[in-house]
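Report on the structure given below.
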Amino acid sequence: MRLIPNRAWAATLLFTAFALLPLIAVWLDDIYLIVIATRILAYAIAALALDLILGYGGMVSFGHAAYLGIGAYSVAILSRAGITDLGLHLLAAICAAAVFALVTGAISLRTRGIYFIMITLAFAQMAYFFFVSLSAYGGDDGVTLAARSTVFGQPLLESDTALYYTGLALLVGLYLLAVAITRSRFGRVLTGTRENPVRMQAIGFSPFRYQLTAFVISGCMASVAGVMLANQTSFVSPAFMDWHRSGELVVMVVFGGIGNLLGAIAGATIALLLEEWLAILTEHWQILFGLILVLVVLYSRDGLTGFFRRRL
Amino acid sequence: MSLLEVRNLRKSYGALKVTDDLDLTVDEGELHAIIGPNGAGKTTLISQLAGQAGSDGGSVRFAGTEMMGMPMHRRVRAGMSRSFQITSILPGFSVLENVAAAVQARSGSSFRFFAPVSKEQALNDAALAVLARVGIADRAFFRAGSLSHGEKRQLELAIALATRPRLLLLDEPLAGTSGQEADRLVEVMRGLKRDVTLVLIEHDMDAVFALADRISVLVYGRIIATGRPEQIRDDARVRTAYLGEEAGEGS
Amino acid sequence: MTSLFLIQFLNGVQFGILLFLIAAGLTLVFGIMDFVNLAHGVIYMVGAYLAVTFSQLTGSYGLGLLLTLPATLLVGLVLELLVFRKLYDRPHLDQVLATFGLVMIISEGVEVIWGSAPLSVRMPELLSGSVPLIGPLRYPVFRLVVIGAGLATAVALWLIITRTRIGMRLRAGATNRAMVSALGVDIRSLFTIIFAFGAMLAGFAGAMVAPILTVDPGMGESVLILAFVVIVIGGIGSVKGAFAGALLVGLVDTMGRSFGPIILRSFLDPSAAGQTGRVLAPMLVYILMAVILSVRPAGLFGARS
């Protein structure tokens, strides 16, 4: 209870910092800063989405990059068809993600534990191959977007700053939505199921329906991140849903502290900045990143999950 | 009138027949105790009745409806709740939330995503009332995982009660409680007898003989005797099979 | 048509055998230790690279293959002692993260050592020919050898598991973990052995295919996920399931790619059939997995879910 004002303060602080960032970029005359920050926003949205099911629902999805791809390809496919409006891109992404999450979630949720991890991974790989074989959209190589999404028919997002603020608005909106969900009746059932599924059944809840609903909500949210990423890079390819990317999303959530929505945003920021920084040090930054990951998991007392677990 | 009718209920774990063609009838309004030695299959029976464990065959009719094949959460909504011998709570939730979740399950849809549930006064009030009834209202805002063992047993009962069952299946509610806590729980159960039908599994014979309207004795998956407490006390088969000295001491 | 069918059938079996070698170690590790190992695929890749290097050093593929076996066994041992051992009692999430970290390290490390350009190893002269099947049809000897070696490994595994004491413990462990420790078996060393052995099987698979596939840094990843599909289909912990699942996945994947478009042509016009076939074929094994899971959530031979 006492935590709530603190969290609201932390959120306000974090989002204010994000809002001021373009000013700093202008002051430093460093445009690349905005590009990185926009990527951070997109991944923060995806990490937030993942945290909703991983942190609150106890579902370790190792295939969330699929939704990045679904969102990104929604932009590519609609743009090709002459539909450029951002709102419609988002709508299409969310609908496609909902269908994919509903079908794969319904099957994955019949299982538990390592089965669930492997199956979500496998389904993401299926989506990956689906887009690889879409030769009309460049197959393996992907496709370059002619332009970014439009707003009210205007090419407003061509400005990096405008795209950045759009991303920030989406992030803040989805964050508030996610916070509301975790505190709602639905959120209580979801969290209770993570804590003790048998107990929840013994008071009259069927965990499956709630978990599946959460899975679908999370997928839809993550697809928004895909729409953002496609616009940021003006390029879409199956690499968006490489399983490494799914892994990185899990890393972000855990870095920030699972079951702590603001933490997911912080985790995405930390992970991407760490990547950027290590990449400056060496071309083979993945070795260092992997090493850090392994060491942190091994040598924090209860493992990474315990190390970063929200202290009550 | 009978509320629960169990016929030819069966379950095996491999070669072990844990529930062996079991028949049981529980009347509306009674407190029906089931006693039996360790490993007799009492917990398994409760799990089968509640729908948590599957059955190999037989019939479970509750208020005239066949329950066989119905999952646990639907049986709960039909009015049949259980408590667990091994405490099963939501350790990270507050005590109040544990009970409020059970109230929530029976009042309105839980597919509500926006309004904060902690501000739903109706849920909290109902939960507090149940907590007061079992005597741990003062712990309402504690983390459930931090309660003492006895308090967790009280919470366990509170959660089951909060589902407002017509039939309550209690699996050793007194297990591991101190004398004072046990007395309290016995009083709670005595109070419950007025408005809930109870199936009580308990090793504490003082409590069983003080509370039960009828007692069934379960040995190796079969009910070997059913009757009023004094009949059970005097039943030779029961004495040899199970009660032995305890009955002698009790009388 | 029948000849194409026969060839593709053999290719499917060969792919299935390969998947089995990778999945066998994985499924034991999953079943007995309840452990998610994402790094199993990169060990297969390391096996292929080591086979290339050892073949070049010794001038003989056969010797290279022989040296790869103890080398990958050693890799498995070292990883188990340094990393995996500390993770058995941890939540799946920790296991996933740590082994994901290993994947990053090893994949990138392989690129540092061997570069990112694809490598290949020359097939031994003796096995580079082809043998007649029926009529004018011929099939490469080497692929038959891969099938034969894989089947021999499967039989050996089956004998170990059904006929030896250690196999008995494995079976007990795969279905009931608590039982193994109750039997007073030294769990630690059993785990170490399984891990190292599984790594060696994966390395063996990598070395076997080095002459027929290109050896590149991405080769471990797609195979890892297919091995997961195999295990999920077969049922976690079941070597028999892994065998059935691997053959099923190998056949469905290979046959789907070549015959999918042909079959579709009977419903669709040729260009649509070709296109749909190309899109559907790589997804077939995942659809197969989905169907099997909806019917049997614990897999074909799985005891638990």
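Note that the chains are named A, B and C in the order they appear, and that numbering of residues resets to 1 at the start of each chain.
Please note the rule applied: a contact is a pair of C-beta atoms (placed from the backbone, for glycine too) under 8 Å apart; a residue touches a chain by one contact, two chains touch by 3 or more.
Small disclaimer: the values here were computed from a predicted structure and weren't measured.
From chain B, what is the lowest number of touch steps before chain C is reached?
The fewest steps needed to get from chain B to chain C is 2.
Among the chain pairs here, which one is joined by the most contacts?
A-C
Mind having a look at which chain is the central one, using mean CA positions?
Of all chains shown, the one whose C-alpha centre lies nearest the global C-alpha mean is A.
Would you kindly tell me how far, in whole Å, the mean C-alpha position of chain C lies from that of chain B?
50
For chain A versus chain C, what separation do you get between their C-alpha means, in angstrom?
Going by mean C-alpha positions, chain A sits 31 Å from chain C.
Rounded to the nearest whole Å, what is the centre-to-centre distance of chain A and chain B, using the mean of the C-alpha atoms as each centre?
Taking the mean C-alpha position of each chain, the two centres sit 44 Å apart.
Going by the touch rule set out above, which residues of chain A reach two or more other chains?
Nothing qualifies.
In their shared complex, at which residues does chain C touch chain A?
That would be residues 30, 34-36, 38, 83, 86-87, 90-94, 96-98, 100-105, 107-109, 111-112, 221-222, 225, 228-229, 231-232, 236, 275, 278-279, 281-283, 286-287, 289-290, 293-294, 297-298, 305 of chain C.
For the complex, give me every residue of chain B touching chain A.
Touch residues, chain B against chain A: 50, 52, 71-74, 76-77, 81-82, 84, 88-93, 97, 100-102, 104-106, 108-118, 120, 143, 159-160, 162-163.
Under the stated contact criterion, what part of chain A meets chain B in this complex?
180-181, 183-189, 191-192, 195-196, 198-206, 210, 213, 312
Write out the stretch or stretches of chain A touching chain C in their complex.
Interface residues on chain A, with respect to chain C: 54, 60, 62, 104, 107, 110-115, 117-119, 121-123, 125-126, 129-130, 132-135, 243-244, 247, 250-251, 254, 258, 284, 286-287, 289-294, 297-298, 303-305.
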